[in-house]
Structures are given as structure tokens and as C-alpha cells.
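First the structure, in the form of C-alpha cells, and then the observations on it.
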Amino acid sequence: MKQVITFGEIMMRLSPPLNYRLVQTNNLEVNYGGGDANVAASVARLGLPAAHVTCFPDNELGYAAAQSFQRYGVSMEHTVFRGDRLGLYFLEVGASMRASKIVYDRFDSAFAKLQPAWFDWSNILSNGRWLHWTGITPAISASAAQACKEAIQEARRRGITVSADVNYRRNLWQYGKKAQDVMPELVAGCDVVVCTEGDAEDLFGITPRVDAANRFVSMAEQLMQRFPQIKQVIATERETLSASHNRLKGVLFNGTDYIETPAYDIVPIVDRIGGGDAFIGGFIYGSLTYPTEQEALTFGVAASALKHTVHGDVNLMTAAEVEPVMQGNTSGRLLR
Amino acid sequence: MKQVITFGEIMMRLSPPLNYRLVQTNNLEVNYGGGDANVAASVARLGLPAAHVTCFPDNELGYAAAQSFQRYGVSMEHTVFRGDRLGLYFLEVGASMRASKIVYDRFDSAFAKLQPAWFDWSNILSNGRWLHWTGITPAISASAAQACKEAIQEARRRGITVSADVNYRRNLWQYGKKAQDVMPELVAGCDVVVCTEGDAEDLFGITPRVDAANRFVSMAEQLMQRFPQIKQVIATERETLSASHNRLKGVLFNGTDYIETPAYDIVPIVDRIGGGDAFIGGFIYGSLTYPTEQEALTFGVAASALKHTVHGDVNLMTAAEVEPVMQGNTSGRLLR
Amino acid sequence: MKQVITFGEIMMRLSPPLNYRLVQTNNLEVNYGGGDANVAASVARLGLPAAHVTCFPDNELGYAAAQSFQRYGVSMEHTVFRGDRLGLYFLEVGASMRASKIVYDRFDSAFAKLQPAWFDWSNILSNGRWLHWTGITPAISASAAQACKEAIQEARRRGITVSADVNYRRNLWQYGKKAQDVMPELVAGCDVVVCTEGDAEDLFGITPRVDAANRFVSMAEQLMQRFPQIKQVIATERETLSASHNRLKGVLFNGTDYIETPAYDIVPIVDRIGGGDAFIGGFIYGSLTYPTEQEALTFGVAASALKHTVHGDVNLMTAAEVEPVMQGNTSGRLLR
Amino acid sequence: MKQVITFGEIMMRLSPPLNYRLVQTNNLEVNYGGGDANVAASVARLGLPAAHVTCFPDNELGYAAAQSFQRYGVSMEHTVFRGDRLGLYFLEVGASMRASKIVYDRFDSAFAKLQPAWFDWSNILSNGRWLHWTGITPAISASAAQACKEAIQEARRRGITVSADVNYRRNLWQYGKKAQDVMPELVAGCDVVVCTEGDAEDLFGITPRVDAANRFVSMAEQLMQRFPQIKQVIATERETLSASHNRLKGVLFNGTDYIETPAYDIVPIVDRIGGGDAFIGGFIYGSLTYPTEQEALTFGVAASALKHTVHGDVNLMTAAEVEPVMQGNTSGRLLR
Amino acid sequence: MKQVITFGEIMMRLSPPLNYRLVQTNNLEVNYGGGDANVAASVARLGLPAAHVTCFPDNELGYAAAQSFQRYGVSMEHTVFRGDRLGLYFLEVGASMRASKIVYDRFDSAFAKLQPAWFDWSNILSNGRWLHWTGITPAISASAAQACKEAIQEARRRGITVSADVNYRRNLWQYGKKAQDVMPELVAGCDVVVCTEGDAEDLFGITPRVDAANRFVSMAEQLMQRFPQIKQVIATERETLSASHNRLKGVLFNGTDYIETPAYDIVPIVDRIGGGDAFIGGFIYGSLTYPTEQEALTFGVAASALKHTVHGDVNLMTAAEVEPVMQGNTSGRLLR
Amino acid sequence: MKQVITFGEIMMRLSPPLNYRLVQTNNLEVNYGGGDANVAASVARLGLPAAHVTCFPDNELGYAAAQSFQRYGVSMEHTVFRGDRLGLYFLEVGASMRASKIVYDRFDSAFAKLQPAWFDWSNILSNGRWLHWTGITPAISASAAQACKEAIQEARRRGITVSADVNYRRNLWQYGKKAQDVMPELVAGCDVVVCTEGDAEDLFGITPRVDAANRFVSMAEQLMQRFPQIKQVIATERETLSASHNRLKGVLFNGTDYIETPAYDIVPIVDRIGGGDAFIGGFIYGSLTYPTEQEALTFGVAASALKHTVHGDVNLMTAAEVEPVMQGNTSGRLLR
């Protein structure tokens, strides 16, 4: 079967155990993750072939990062090992009213310095059925943005479904271009877009109409008008009651219908990082597996909810484990 | 003082730390437990003499398992060290809507292959005041069922109170006999039976009368009619709000009166395994210590609630620690 | 800038990881803390100069304890290294209805056996702007009480603000004097007093008037009448829903106005020890930084709430981290 | 490039940390390994494509085991997920005069119960350049022996090099056939055989001639006479000074020449398990990479020596790390 | 079978992991041990019934200490739970030229404050075959010395073998009596005495004769002359090459013959604490099991050597594990 | 007393536990260290006032690094918190013939981007008695080299002793200047220089005379001729037998006399990083404390040998602990 293929940076995440702070511990737990790679890993664990395309330094850190995703069944055969450093970030995990906190150290990574020519998209995508990318990739460097564009173009040529999590992070855009200038061309090539109202406003100047009955639908309509290739706009709506307690639901607009899922109560949260990526991984899996958009969307949100109960960036749930939660069984009764 | 004596298999439990999954960790925590042995350990820690009777392989794993219970003050002097392997199971601990999950690997254990003749019940029970067993033991093998029967018969001869947790697990019955054929003879010898409505239906075809005011009472009445030796039917009623939040109360029918306890809210759950065994251990202790059934039952449920806040299969609470909770003090205020 | 100076014993705290009990673990986590030293550490981490004055045995344990506070930026330059042993205590961390439990082993510590003459308060306080002590110090030994008295007197001479957490612990007073005899003279020298209604009754025989609209105010008024130096009486009011869930607010009476803060819901509690000290540390910082008592008090309670989400006795939050919570942002939303 | 393909059982290894014994720890470290799979992993990490063929239970343990080897770059695409249990063993690590000690629990594993028909060797080996197996596989069950035979036959048909580590373990042969009856037919199909003098005597009744100048050569000559397909007989000679200190050299006879390597002093030993497999993996890599048998053999021994300094069954050294040691640089000088 | 009975204090030992120092770690490993209790545990694990008599505080620390020895099969039924604190010590483990270092915190322990009347030696020893004590016990307090004396007297009355490890530690004798005044009366009641030349000189003023061919024999002869009850004087001779490398042999004089064992090279040392106690435990076991003194002594030294490879104070080796080392097999070859 | 002051970068070191490799672990241990800061920490722990001057990013990582040294008693009051990232490196610890391996990730650190003007050397050194720097500092960036030069000049002006560890690392010099151009001017200002023959040749083109009786002396003579301010040239001579076993001695030439120390055998090595810095810290302490150069040098080497037995970059030995080793007591006998 052909692969779901993702492209983007994978970072090493270093976090104190439990709720310890960096100033008080000498012990860090390592995870490797990236907004797009997490989607590939999620899809692979759910049971569909997946590959991730990235660039790592040619050293033990690069090998460790690649092997971490290989472990979860993601094909890393297209990895380019060149450059100096692995991007990394430090995470302190909060609780109750204390927010989790990230210190990034990702500039000048091997990925940021990749050359577009290192990636032969025609070959890579020859085995693809879906391409997913996030707004973080074009934010990292001009060459990353260029590689992303080439991937999308090749996918379009081949009629491969393209999805994007637009995921606007202002701080990342530091190489001289603005997200507002770069993103439209990339998003224009997408069939599925994950986009919140905030992202839509920041990136595309799109705001829901004042009189909109449903603000998300209003935003999505405008987005689809601007980018006619888009067939689905999706998002999660997250209610953040505390660092330990969130409520999550999924929304989708397909140009005609608005669909939403029940809200899932998540308490306690074990690890919130990668929750959005698990949603997308679940949605892609659901779209390729279930007949209805409602099922795909609910599968995505159930997968995301479950991700919050798992350590690490990657959703380690199988399809058989997501299904009962998708069907509303959230009692967590012991399985013998 | 004479002992509370239990009989059954003890397994090694292997679980990833915290909420890690097996595919992502190289670290497993070991606990030893068994539905009956946990009762003995509970009773011993509460302060009454207790012994457990079992069979272990004659190797380091068997020694470790025996020593684990010896540590908690359970006499293991009747342990038979023979056979090849220790039964074991792997536990992934869930959270929120993610259920905890068990993978068993217990077939062909030393206990399953025991010979009834290895156990001299007359000698063993000469020091007994109470015998407890669970429905897991006769499910394991014909010889385990036979040994269990002999123990019950000897206890009856000696006038020792016999209790059983009928605990029906369909998957376990694989040696060619049905629970429905084996259990009645064993339960017939019991004074106290822990039995849910589901168990009663599955094992004995007993269902509450349609018009029953109290379904539990209706079931218990029929059970006591069928097995006249039974003097008390007890159970816990567990409301599973999530893997991290349960609500628990105890119920008892003694042929005349129905007694129930207040419900205890348990959030967060530290370790749910052994919660039922802690209830029984607490109830046995309570029955031997307190004048009223209400106290015995409430002590049992308070003990069980507290067990959920302790790691491992065994309830490590002393009587002095259970008492305030039994009396309704569930504020958890720091004790200096 | 001049220092906030505290005086008192620092103990080694030994606790099993997570919710393990002492009988089941071979692993203890070490923290160093003391009711007054925690205040100094809190103030230092918030960004103001702080020093702690204490006495340690001249061995590796004393060095480790001193270095632990040095690490958090507390000046330990006045530490006296003399005597035999470091006071210590063992802590089992509860959950839900199970209370956390402390076993103290602090008698005959180096601090208990200090000589008042070892501390040259004139020199020590020459660099001070605030002196804080707790009712634990005069409880430990006659000489500790004497040293405390000398410190207060010197602070008064120098016009340095003096605060006390009266913190009455009956079990501690074992050297032949009663708290009721010792404390009044010491409290008489204080500008700010942390005192609950229970403490006021136990120590000073003060009870709120029967007809009092606000019991705390009534108690505080009487306290200020008795000890005219006092300008502010403060306290936290803690609602203990369970060992994992508390609700906290702060109250203050300044002779004229009663001020209170919103209540902060704390769930789950990561580590409750030092929560009161964090409140005082935050209040001192707030008093020295903010123009209004309301802000100082709210800052203190926000700091205390956050402390409950941090492992160890010491509040490791910076002022920038407390501020949003003080302003009501308790959503715990991930900070990138 | 075509793959080095191995076939055999992978077990979960559970070992207490450091030199702890099973009776004193509640903590086990997990590794997955097997005599043949370790060779594949070794080859993959050295830089050549490798695949392992095996059978796992279709549960979290099987997934974890498969993913563990996937992580190291071994293709697990031919894994069959069927059956009930994963074989496992417990390892206590010795030191000085205390031997490391293994307790096996591997009977009735999914691998033991495999059906030969589950493996389509024609397809599997179509991508192979080398097939390796060990004497453990035919010892496990008749069906495993049959599958092994079919693999060898197919490899012969395709002209793929076949190597075997005859590795005789008396205790394993429990399914009714003797190694002496089963092994000859399998060894007859091999080009390279790892065989000690003890194995040769036990399995084939071959003993060095009394007057032999070199006992290994004498044994190897007879072995090659008996099995004319064999082109190389190799072995390591291990001097066991203590559990913490071994000395290792490699020997080879190719029908004409006897080759040996320098002896490598290994002190301290970090983990001895898999040392022999690392030798074979290194020798296969060396044979496929270096022009001379001397280099291949020395590479193999250097790889094995380095394996002893790495935790786990698998040799995690790259070719670039083995090369200096192969060239005699054993000073272990810090690499910046 | 009757018990080997020991009497003395058990302390909690707290040590940083690996070679960490106290000032740099927040993690301590707990072991419980005592010079005499270690002997009982050693004997129990070797396979003979053993009991230890001691006094613990009636709190979680006392329970944990008692349960730790119960786990290893030592009967703790005579434990008295009274008093305030558990003695403890901190251990930093050295390596190479860095010595391991102990900080004691054992004064005023529950054991030090025991009342002799709490121990009914007639009852306790009614089940005894051997009584062992160490010179540490009478050093702790006058009442401990008195209890020790009463135990010896009762053992003499019953014809039970008495052994003592005189083990002189100057720093411990702080209650107003000198070892030189107390010990002779106690040693006079012993059949077997563990005594080095240094101890003999310090305690009894006995020095080997200047012209002695064998200094140990000369010392032992004088000791036996002074205390005619003594039948055997034994000791280990330890060559301390470094903190990681010792060499050990055993010596014995029985009034007629001098016996010594081969020297055992121990490198690396895993944990040196309890090495002497393991020797005594092994010697007692050997004396009760083997026909010759040579065997008993060699068993003792082999047991001691093995103890150095095991973490914790207690020798966790079974008789079957000591035997090969006793017979000279120190190669540490892997046992499958 | 005035301070020993050091200047340079502090990095976060991340290393897998024990001998694990990065590709196989999810757990990293954190230490903070730097060639010069380690000297300050060493001096502080030995008992003399010390301060370190550096630049950290203004985030949790910078605070943690600063606090780590504060903990060991190093004054960090001159730390500048500015810039983006903390330099870091990953360390895999080898054993036997496997070398330890470092992956650096230190470019563009906050320290590399410091502005010389941020450091007011006149103020900083007003409290100094000794200034120490290493050749790593001027290698990092032009501005770091400039700051280093200004510090040396100010020290010269104030008559403060200046020492340098020239420590040439070719890979580090990447900002456009060569070490050979930058270092001479800096070394010219030094009184004490740590320099190996290799460094002397690489940096200054100085080679021992062909006919030199003592190559070190010949090199040192030429060095002192070139830089007349130098009064002592010192070095350690390290024999690397394996990653686990080194032999170390110290050498010194003072223009007249050649002094050397006995060689110290270090086996096993616990942590080799910082061994050279411990030598310098010990030598500085020795020079300020002992009357003779022989004592200072031997103290330095003994300190360095002991450092190898301690985890982390920093030598955690007190003067009282170094002294016996300095005097030749390397038996590592247990200290009670």
C-alpha cells in the first residue's frame, strides 16, 4: 500500500521527569518529535504505511532521532544526513494553574540549512498517497520553504492528496520573509487544511463575518474561496481548564456541511505535546479508512484525546484502541 | 492467634513506569500479586496473622515472589517450590479515557501444574481461622481445582470460616471443564461469597427478579437459597468515571438485612489493581475485629479506596490508617 | 540591595518517589527545607537578595544542605558548621483520601544545640531589610529561642521589618518551656504576623468574638491590641478537598481594612510541603515590590498556589511566572 | 543492496539494574535479543542492509520486540504475528568471581509454535545476499527446524551464502529429536560455520586428532571433510578470567590456511550477552567489505570486544568505531 | 530445625547511587543492615533457619526495617517496637584510590534505649542452636550491653554455641564505660570468636609474641588462654589494594591447628559493606553443614568474596552459589 | 579572603547513564561544566573563595547552569544573562577499549556572542588574587578573545597571578583567526602555564631539542624564553591504558628545577571529564596553601586522580580528602 508522507524537522525534546523544573534536576528524558513527523508516526502505529522526509546531522544525535521514528514503523529511508546540529527544545511540564513551558534551541539546525536539491520528490512521492506538511517548515528557512513548495507541486502533479496544518508561530519566522508572503502559495496547493480562526486572521487576514452563525464556518468559507483547491477545513477546539485538564472537540467544514464531534474531557493530562498532530494523524487515517467525514473527524479527536494520556510527542495508540473511544467509551475500564 | 489462610497463584506483574507503554520503554517495575495472596497480605498488614499457600518454580523468580509476600508478613512456610515457570502478566497503566491494559502470560505455570497431594491441608489449616480462595484458582487447572476443593473440605471439617471471591473470568477456563460445572461444588462450602450480579448470572444462571426492589438483594437471596452454607453475600459497586476516577461503595446481604456503605470518590487513582482484594482483606479483618457487619463492610470499602492510592497489588495500609477513612475523614489532610 | 534574612532549622527530607510507601521502596528522594529557609529561597528566586542563618553539622550532610540553598541563590555565608546531626524527616506522599504522612527525626540536631553566641546579629542584620522567623524555631530548644529573641531585638534596634509565622506545633515543644510562655515576647517584636484562628487560640488564648461578622478580623484585632507593634495579620485559608485537591485564598487585616484574595483551585497537587512558606515569601516580595496590600497578598497566594505544582519544599517560581497567575490567568496554557 | 537475512527467535530479556539480584529489586531493564537477530542488528548498524525473519505473538510484547529491532534498522517486514507468548529470560549480571546467571522462560513461545508454511522463503530470500541461522532455532521445535531447513534449501537454490553458528545447548532440545540427528542435514548446507571444539564433539562426534599441532584446525578439517559445502570454520577463543574480565581472540580455518587474530583484553565487561553474535555480525560485514579473511576475522573480533562494552544484546557500534580497534587502537582515549 | 539467632541494632543505610557524592545527588538508595542481623540474613538465605532480635521505633521506618529482613527469611518475631528513632548512616561509595565514607547518625536510637527486660531470652533461645553477637552491641548503651550479657548467659545455660565478632570501634563507646571493661565478661562466654590482631591488642592488651612464627596464632593462643571457653578464633585477612580491588583470605586457630584458605581476588568490588558479616554467616553455615573446619572456613571466605559482588549489606547468595567458588571456580563464566 | 577568578564558557553536558549509547536511551544526565569554571568550583570546594565570570542566555537553562556552580560555592555574581542559547555537548561514556565520545553543539552560544564591554574587569578583579583562563575561551569568538585579553591586562595591572591552560583544540578556532596569532599575546601575560609538548608545538612551534635529556624541560625552557613573564610551566602526563584505566603524573619546570610527582594508577575511572581542570584547581590551591612547589604539584595530581572517581565535570573533593592521597595513601580503605 502507498504511504502517507510527511516532511519537516524533527527535534530532540529534553524534559525533566514528572513536574520537576530545570533548575532542580540533573535528569532529562529524551523524546524526538516534530509536528509533521508525529503525524507519520501516528499513522504508522494506526496501521497504514508512512514515511517521513527530513534532514539530520550526520552524528549520533541524528541517528538516534531517525531510529526513534524507525522504531514506530515510519520509513526514514529518505533521510538526508548532513549538517551540524539537531534542533532541540527543553520542556518543563506544568500542572494545575502552572503552564508547561518550552525553551527552544532550534536555530541553525541541519534541517534549517537543507538544500532543496537534496530531496528527489519525484522519487519520494512515487510511493505516496497523501502528503502532509505544517506551517513550521516554511518558517524555518527559505530553503525549507522551497523544499516544501517543491514537494507540494510534485504531489499536485501526481494527484496525491495534500494536507497542511498552517500552525502560525510568529517567533519562528526569522529569515527575512513573512509568513503572510510565503504561506498563501503553499496553502493554495492543499486539499485539507487545519486552521484555527486565529491562524486565519494572522496569516490570511480572514476574519469570521460579524453576523456569522458559526464563526468557524464563516472563516472556512472564506478560506476555501481564497484557495479553491481546499476541500476540507478542520480544527480542534480546545478548552484549557488547567494544565491538567482540557476539553477537546473537532470541527470540519467541507464547503457545504459543518460537522463537529462530541467534546472529550481529558483529565489528568499526561502529556499534551503532539495532541494536535495526533488529531491530524487520526483524521488522515480516518479519511482513508472510514466512509464518512463524521467518522474520520471523530476518530481524529478520539486519537488526540488518547494522545494526551501517553508520554512523548507521538501518539502510540493502535486503531483498535482508538475505536472504542471514538464510539464514546471513555470509562477507561481495565482491559484484561 | 490463628491465621487467615489463602490459596492461589501468585504472578509477577511487569509494568512500565507511570503511563508509559510497552513499545516505548526499556524499564519495567515488578510487583508480585494474586487475587487471594493479596488478601493475605492485606490482612497481615492490618495486623492479623496470615498465611498463603501456593506453588512456585524452584528458581530465583519463585524465591523473589515468595520473599515479596514474606516481606509483608505473610507466612509462606507452606510454599511448594516445584515446576518450571512463574506466571506473569504485563500491565500498561492508563489515564483519563485510556484504559489500563493487561497482557497475561500465565499458562503452564508451576501453580497450574501442582499436584493436590503436595498440600497437606490438615496440617496447613490446623493453624487457621479463616480460609479464602478465588474463582481464579479452579479456573487454572483441574489439579488446582482439586486442591482448592480439598482445602475447602478440610476447612469445613474444622469449622473454619470459608470465603470465596467467585470472580468469573471466561478466558481462564481452558483445561476442558466449565466454570459452571466446577464452581457450584466449591461455592457450596463457603460462608461468605463475594459475587456481582454478572458473576451470579454467568456462573449460576441466577438473575435478579424482574420486580426486585434491590437487584443485588434479589440475586443474593437466590444464591443463598441455592447454597445454604452461605451466610453473607458481599460485593463492591464500582462506578468507572474514567481510568483516573472511580466511585466505590460496598453492599452486603446476610439473608435478612441489606447493608451498604457510603460511596468513596477516588481521584486520582494511583493503582487500581488489587482494589477488590483489598476490599475482601478489609472485610475479613473487619469481621474479625468489629462487632457489626456495617463496620466490617465499611472498613472493607475504606481499605479498598485507600488501596487505589498505593502502588502495587497489595494494600499497604495499617488498621490505624484505614480507620479515619472508614469514619468518613477523606480530606487527606497532611499528618505530621 | 539589602537582604531578606531568615533564621531557623533546615532539615533533610527523605521521601519515596511518587506515592510509594516506605515499606515498599528502596529509593528516597532528598530535599532540604525549613519553614523559614523556604521563605528565603522563595524570595531569592523571585529576585530579591536573601540570606538564611542556621547551624549545620560539620559533615557532608551539612555541606549538602547548605549547598542546596546556595544553589537557589540564598546567601549561606552566616552558616555555623558545628554539632553532630542534621535534623531529618521522612515523607510519604498521599493521594485522594490518603493523607501525606511525616515521620520526624529531628531531635538533638546541630541546630537544636546551637549556642546563641555563635550568631553575631549586629553583623548579620547590618545587611538586612526584613527579618522573618517561624514559631518552630523557639520550639526546638531554649537556645534556639534565645537566638531568635536576640535576632528580633537587633532587628527592632535597626528598624528592620520583622515577620513571624507563629505556626504552633504542640509536639515540638519538649524542652521544658511552653509555647504560651515563650512566644508572646517574641511576637511582640513583630510587624507582620501569620496567624490562623487556631494558632491564636492555642498560643494566646484569643478567640473571635461570638458576634463577629468576620472571625479572622475579630481574632486579628485582638492580636493587634495585645501586640501593638503588629501592623498586619495575614493567613491563608485552605479548603482540603482531598490530598490531591485543595482550594486556597489569602486574608489580611491591617487594623483597619480586611482584604482577601480570590480562591485558587489546586488540582492535582504535586507537592504540598512548603505551600505556606511560599505564601509568606510571596507576600514579603509583594510587600517590597507592589504599592498595595491587595497586590502583595494576591501575589503571595498565587505564589503559594504555584508552589503546590512544584516538587520540593522550595517555591521555584520567578516573579514573571507568578504574575499572570496573580492576575487570574490559571488556565495553564502551554508557553512556547 | 541486497540484505543479510537471519532467522530465529527473539526473546525479551529482563535484568535487574547493575549487579542487583532478582530477590532484591523491583526494577527490570528490558532488552530484546536473539542469537541470529543480534547478527542482523549488528550488520545493520555497521551499515549493510539486514532483515530478520521471526514469529511474534500478536500483542504489545510482540510489537515492542519487533519495533526494538526496527529501531536499529533491521527490516522486520517478514515478521509473522501469531501465537500466544513471547519467549523471555531473566538475567542477573555477575561481577568478579560471581557468574552472570540466566533463568529461561521460553517454552511454548509463538516462535516455537510457528508453521513452516507461514514463511515464503522464495519471496523473503529474493532480496538476500547472505543467510545466517544458529543451532538454537532447530532446537526449539520440529516446525522451527523444518522452517530453518527450508530457508537453507532456498538459499542454496539461489546461491546465497549460508552461515551457521552451531551453538549446541543440550537443555533446549526437548521436542523428541536429538541435535545429533537434526543438525547434520542443516549444517551440510552451510558455507561458513561457527563451531568450537566442544560443539564439534557434542554434535558430530568430531575430536581433534591426538597428534594435532593445532586442535582447532584438526577439528575444522574433519568438519569440512564431513560437510564439503563448508568453506570456512571460525570461532572465538575466550579466556574467562572473571565475570568482569575476559580475553578474546578469533580463529579461522579455510581448508588451507589457519588464521588467528590478536587477543583483546576486555576489562571491565559491561555486558557479555551477544558477544558471540557481534563476532559473527562483524565477520559477515568484514567478509562483504574487506578483501582478506584476516581483515574480516579481525574486524569480527574487534566488533565482539566492543560489544562487551555496550549494554544490551545488540552490538551498537558503527564500522567507523570498529575500525580503529581492529587496527589495534585499544587505548580508549577520549574522542572529542 | 532450630535457629541461628543474632542480636543487635539494624540501621537504615542511605547511599547515593553509583559513585555520586551526597552534595551532588537528590537520590538515595536505602538498605537496612547490622553487623549481626546481616549474619542472620546470610544464614537464612544459605538455607538454615535464622532469627534476629532487635528493637525498632514503632513507626513506618521500624516496620520497613523489620520487613526488609523478614523478606530474606529471617524471623523477626521477637522484634520489640518501642522508642523514637531508627539509627541510620549515610554511605558514599568510593572507587580506585577514593575510599568509601560513612557518616553515622545512630545515637539515641530505639535500640540504644532498649530495656533488657523487654527480651525474654529463655523463650527466644528455646528455639536456638547458635547465638551470634558483635562488639558493636555492648558499645551502644549500658542496657544493650546488659541485654547482650543476658542472652549469652542464657545460651550458655542451654548449651547453645555462642559466637562473637569482637569488632572494636572506639568512637562508638560513649556511654561511660570502656570496651576494655565490658567486653571480657561477654567474650568469656563465647565458643567462637572473630578477632583481628588489632582488636586483640585494643580490647585485651594481647599482642603476638615477638618471636611468633605466625602472629595470628600467637594472638589466638593467648586469647584462648585468657578465655578458656573459646574453641576457635577466626578472622579474615584483607589486602586493600584499592577501594575497587581487595584480596581476602580466612584464618582459623582451634587451639591446635592453624588453618587458612586460599586468597580470593575481588575486582571490581560492587559493595564492600557486610563483607565481614558474610564471612561469619558463611562460617556458621559451614560449621553446621560441613565435616571439617577447613571447609567451614573456606565456605565462609567464599561467601564473603561473593558478598562483595552484591549490592546491600546482606549476602544474597545461596549455598549452591557459594559452593563452586569455595571449590576454586572463580572464573565467573555465564550460567545458562 | 580574595578570590580565585576564572573566565570562560560553561556548557550543559548531556550523557546517557552508565555506558549506554545515545541511540538506545531516553534518559540523559545533566552536568554543567567548563574548563575554567571547573577550576573555580574545585578551588571553592577545597576551601578558598572563588568566582567565575561568564555569559548565559536569560532563560531557565542559563539559570540552571549558574545555580549549578553557585551550589558548589562559586560566586556567580558577575554572570551576564544575555543572548540566545547555552552551549552544550553530548557525552557517551566508554569502557575498556571503547573510547568515550563527545558530540559538541556549542556554536553561537550566548558566551560566543558576548560583548567585551559587558565585563567590568576592574571591578571584578578588585576582589581577585588569581586569574585563570584556558585556550578554549579565545578560540570561541573574537569578542571572547578580546574579553580574555582585557581580563589578563587588568590582572597584570593589579599584580594578580595569571594562569592559563593553553589547551589547543584545532576544531574550535572557526571565527577567522588562528590560535597561533591570538594566543601568544595572551600567554605573554601569564605567570603559570599548563602546556603539553603537543600544545607547544602546535601553538608556538616550539619542539624539544633533539638532544634534550628531558623533553618537557626543554620545551618549558623555550616557552619561558619566549614569554618571560612565565614562572612555571606545568602539565600532567597521562598514560591511557584503556578508557577504564589511566596512569597520571604531574610535571613542573620553574626555570631552574624540574619536579615530578609519583604516578597515580586510576582504575576504574568513574568520569574522566574535568580531570585536567581538577589538576589545575588543585595546583592553584596547593600553590596558595603549601610552602613548596613539590607539594602544590602533588596536591594537584592527587586532586586530579580523585576527580576521576567522581561523577561530573567538577572535582567534589575537600582538601581533607585530597591530603591522604597526596601523601600516598591510595588504598581506598573504608572510612567510618
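A, B, C, D, E and F are the chain letters, set down in written order, and residue numbers restart from 1 in every chain.
What we mean here is this: a contact is a pair of C-beta atoms (placed from the backbone, for glycine too) under 8 Å apart; a residue touches a chain by one contact, two chains touch by 3 or more.
Source: prediction; values computed, not measured.
J.: Which chain has its C-alpha centroid farthest away from the centroid of chain C?
T.: So the farthest one, by centre of C-alpha atoms, is D.
J.: Which chain maximises the distance between its CA centroid and that of chain F?
T.: Relative to chain F, the chain with the farthest C-alpha centre is B.
J.: Between chain A and chain D, what is the gap in Å from one C-alpha centre to the other?
T.: 41
J.: For chain E versus chain F, what separation do you get between their C-alpha means, in angstrom?
T.: Result: the chain centres lie 45 Å from each other.
J.: Using CA atom averages as chain centres, what separation in Å is found between chain A and chain E?
T.: Roughly 62 Å, centre to centre.
J.: Residues touching two or more other chains, restricted to chain D: which are they?
T.: Only 21, 23-24, 26, 67, 71-72, 101, 268 qualify.
J.: Note which residues of chain C are touching chain F in the complex, please.
T.: The touching residues are 67-68, 70-73.
J.: Considering the complex alone, what residue numbers of chain F touch chain E?
T.: My answer: residues 71-72, 264-270, 305-306, 308-312, 316-317, 321, 325, 329-336.
J.: What residues on chain E touch chain C, complex-wise?
T.: Chain E residues touching chain C: 14, 21-23, 25-31, 59-61, 63-64, 67, 84-86, 90, 92, 101, 103, 105, 107-108.
J.: For the complex, give me every residue of chain E touching chain F.
T.: Residues in contact with chain F: 18-21, 23-24, 94-102, 104, 169, 171, 240-245, 268, 272-273.
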